[in-house]
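Have a look at these structures, which come just after this line.
In the two complexes that follow, chain A is the common piece, with chain B as its partner first and chain C second.
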Partner chain A sequence: MVYIGPLEIPGRLIYDFLHIFILPGFGAILVLVILIIWAERKIAGLVQLRYGPLHVSRRIGGALQLVADLIRYSLQEFIVPENVDKIAYLMAPALALLFAVIPIAFMPTAPGIAPPIYVEPNLLLILAVISLAPIFVIVTGVASDNKFAFIGSLREAFLMISYEIPFIISILSTAFIYGTLDLYKIVEAQSKAFLGVLLNPFAALVAYIAILRITGRFPFEISEAESELVMGPYTEYSGLMYGVAMGIGYIKLYVYTLLFSIVFLGGWLPISSTGNIVFDYILGNIILLIKASILMLIAVFLRSVYPRYRIDQAVRLGWSLILILSGAAVAWSLIIRLIIWR
Partner chain B sequence: MEVDRGSSNDFLSNLSQELFMIRETGVREEGERLIELQIGPAHPGSGHMRILAWVDGDIVVRCDPDIGFVHRTIEKLSENRAYIKTIPLVERPSLLDTTPMTIGYVNAVEKLMGIEAPPRAKYLRTILAEITRIASHFYGIGILAIFLGHSTGFMWAFGDREVMIELATMLTGARITYAYVIPGGVRRDMPQNFPDQVEKGLRYIERRLKDWEKLFLNNPVVERRLRDIGVLKPVMARRLGITGPNLRASGVDYDVRMAEPYEAYDEIDFMIPVAEEGDAYARGLVRFKEIEQSISIIRQAIKKIPDGDIISPQISRLFNPLMKKIYAETRRVKFPSLLATLKPPKGEAMARVEAGRGEALFHIISDGSTNPYRFRFVTPSFRNVILFKYLIPGHRLADIPAIYGSIDYFPPEADR
Partner chain C sequence: MSLRIVEEEMDPEIKELIEKGFDKTKVLKVSLPKPGAVVQRNVDALLTGFKYVVKPMRLTIDYPYKAVEYPEGYRGMFRVDDNKCVGCSLCDVVCPADAIRLVLKDKKKVPVINWGRCIFCYFCVDICPVEAFETTKYHDAVFTRFEDMLTTLEEFTKRPEDYVPMRKIGKRYKVVIDEYRGLRYEPVG
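Moving on, here comes the complex of A and B:
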């Protein structure tokens, strides 16, 4: 294992900068989110016998449509309604965004290179940080002083609890097999045996369904249901803040699928550390991003297949089948760990 | 006519209590717990109306449809217009379902005047009415789909509806407001290649119905959202005067096309799809089955259509030589100027038609002048809007769009 230690300056600093601002960090987030939303619209267009985005940048199939949308959002008047709790109203989406991206700093994304903040149980830390984000969604709804926003945030709270617990259980159940809470060692363990998705398919299934819910993809796009709640917790937002609110779901999707790819799809495997840090950094990240992108594409494709569940159906599903499956995932992990793979 | 208001109110309140008992919402009294939600008139899930819903937790305990936002005084306007100028007016309330409306109005005027359309015109009217019925049902299904969050269903429905609109355009020259039906006949004959194009369009729709079954009707999430939601029992449906596919989805076999055949329906062999469940899913399913029946009706009508005039001789004898020449060459009817100052004899006439959303009733009172003395126009949506009040309480907030979509309620049609 060739970690770049915390003290190896200047290589360490350059790498930290690249990690946070370029490859798995903000630069990649911006590009991938734009591409994923574009792909979502194009896939939906394909299924629905229409074009999808076309006229902005016609030659590349309207891929810059989202850039145009972002420009429009940021130039639009940003109206703060009179009766809102202003501080909470303005801070909540920003904090939700922040807590959605922080986990990237803990994630090892390339062979032989430690993440910017490297602590031993980084899986636990990531789970702790990403489970903070829904609190701000709830604050958003309550601060908005709008009945639809309030109902939307209540829905979010119900759904979060019923899906985050199975998610955390299923992710942690894989730690039984690997015997570690360090994502880097989890990938190494997968390189010695099978990928996580083959070692524990139950956990992978539960985690993926929970990701669909946590990031608000169909058929679980329930807290923002347009025909019922206008825009759910974000009903009162306009302009740039609306753009941010809309983007949070996709950024969360990115971060969660990164975590899923590391835990279940072997992260940067099949390559391993070659000793050439530049080569490792670029190739490792790209392989990881490709895996995450495929997962994201499947998630956004479901929009063209399913309508949304009713809230009680989704909550019941979370507390029954999904929770039972996550229990099965724990049992399966124990069986593998204690009997098959001692 | 005297209406005993007291007893009808008692009837309604008894009915609502009955409903509460059936659903066992557990909440009977309003209080601090309830949130009053005003869904609409500016809400993505409301349409041109307002739904007042009182919500206890997630359960709707009371629901009031508030209509009238797009009222256009069609009945009053028609009192100041010549008879034929009201034909485009009756199309306006239900823009998705225009032909049955004009057929109903024109039938009433024809009864007043004592004329009858020739057989070919009757068949053409039937064909166009069924084409618009398919288009109207696709619209309703599309709205149901998008209310459930199913964007593919929405886009597919509008795309497939377009095929029917193209066929209607070929026949009439207009996309939506055809004003094709005129007293004594129709405006145009069908073009030479029309039967082939219709066959092509119908085959496409048949192919698509299989896709619809796979993606929408058999979609597990759609089934879970619609099954056992908004159950309308046959007794209730009869007592509330519900009409159209909503009535037939509750197991009541009633269709004006069967009960009181008009145009060419008595010469065509078709059946009325009926479902027993009475839930939202059955209402959606009945619409799909009706599309299949409409396809069969159009095929038969195209096959059986007789040759001959498309306008009654009582009208065509008013033609001047130029009009006669145009009619002979292009088979297009130009209005004789006498028709604009048409004066039907004194009297009353009533006509009923089965529009896409249900039975529409037209009642004209003539005092012998150029304008109707009174024109009464009852649309199916107006009769179905009461379902909001009786189907929604006891269900969850998320069921409001599901039930709204399933009854295919169209606010402008109810407001008139």
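Moving on, here comes the complex of A and C:
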């Protein structure tokens, strides 16, 4: 395995900067979150036979609605209620956000270029970091001194356990097939055989359903259930902090779909390393982002079709069908590895 | 669950079939959803949703750039003719939203309105013994401050479009019942 652009090449620092701040990093997050929230509202509008957001920037169909919303959030008064645990209340959403975005630094997103922080088992590292984020959601709810927030965070805890385990099992089951825990090598292995979805459809199905739950999309938007719990764990937040809290779910969706497209959809795959770093960087990232965006669009489309599961239904589904399917994914991986594809 | 309870809850049509001599177990089985139906229904729901995303079928109108032309007798904003008004205060008494207040003018009580409270029920218009209210079809008022919604007598005697900032409406449409879509909008004039 040879990486072009390891530590010693001169462009390394520039590439790291671009990776973190522009293309798969913060710049892309901001643009995609704005667009995906707009798409979510627009799709819900279309399915419910109405227009959806339109008034802000009519020419492009109201795509800048979220920018207007963010301006409004940041001008609103930010109220810290009297009885909250102030440090936890202020820190928890920020930490949840932080742990949701950190995995991007470990993800290889372009052919021939190592991510800014490159360690061999980076899939394991990403799973470890990414599964820390829900803990801060629970802290948010407990610190808020509000019964809705508390119930929301309890629901989050129940669901976190019942869906993150199948998610991790199913993602790791693909590692059996590829024989590595390195995302870069996983993509390379897919380029030699089939895409991950075809190699292990069970794992892909379980991972996608678990992503829907972990990022709070419908039909699993249970911990933030608007009609029951106001805003779940984030009930007590106002102003800019509310905007951040609302964005966390979408940022998580972005990071998880990136991981999903690397593991199951072959990352940057139709192209491979050409040796020209600039070309590779731009095209590889864009292909990856397109794959992730399609997955995100499907996830937000489900909001307009499905109602919300009850908490017990969702937990039962997680511990029965989803867990069994993830077991099947492991078995399938072993079969492929040991019998078909030695 | 015992069969007796099932029979009590049973559809009258199925009961009739059983009485006609159909095999009871078979009749009950048919009335249960098939196991594969779950997948089928999910796919149907997703396809229906997708159909509307690809081929929009909007039932709402792009207000305020387009708006519906209201029929005669629509309960919009209204004004008072203080020369006709005899100061009987019936409108104040009947108003369910407590939107009308009486002010003194030349030793006579005349009504003024709070547009923030009025629910456009038209009780006041109906009860007035001398028909002192003149009605309009307008309701597209835009107020930027709460205080502006409290009218003075001078304002309330004018027609609403003369003192209330109205939204500029591009085009007026009328609602038509459509067999396929349910509702349709056709331009007026």
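Throughout what follows, the second predicted complex is superposed on the first by the 335 of 342 C-alpha atoms of A that agree within 3 Å, B and C clash if a C-alpha of one lies under 4 Å from a C-alpha of the other, contacts with A are read in each partner's own complex, and residues count from 1 in each chain.
Keep this in mind: a residue touches a chain if its C-beta (ideal position, glycine included) is under 8 Å from a C-beta of that chain, and two chains touch if they have at least 3 such contacts.
Everything numeric here is computed off the predicted structure, so don't read it as measured data.
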item: In the superposition, chain B vs chain C on chain A residues touched; value: B
item: Which of chain B and chain C A:199 touches, first, second, both or neither; value: neither
item: Which of chain B and chain C A:296 touches, first, second, both or neither; value: neither
item: First, second, both or neither for A:64, with chain B first and chain C second; value: neither
item: First (chain B), second (chain C), both or neither touched by A:304; value: both
item: First (chain B), second (chain C), both or neither touched by A:47; value: both
item: First, second, both or neither for A:228, with chain B first and chain C second; value: first
item: A:218 touches, of chain B and chain C: first, second, both or neither?; value: first
item: Contact residues of chain A, present in both the chain B and the chain C interface; value: 47, 49-50, 304-306
item: In the complex with chain A, residue positions of chain C that touch it; value: 45-46, 48-50, 52-53, 56-60, 62
item: Interfacial residue positions of chain B with respect to chain A in the complex; value: 35, 37, 43-45, 55, 58, 145-153, 155-156, 159, 215, 219, 221-222, 224-225, 396-401
item: Residues of chain A touching chain B in the complex; value: 44, 47-50, 147-148, 151, 218-219, 221-222, 225-228, 230, 303-313
item: Residues of chain A that touch chain C when the two form their complex; value: 43, 46-47, 49-51, 54, 301, 304-306
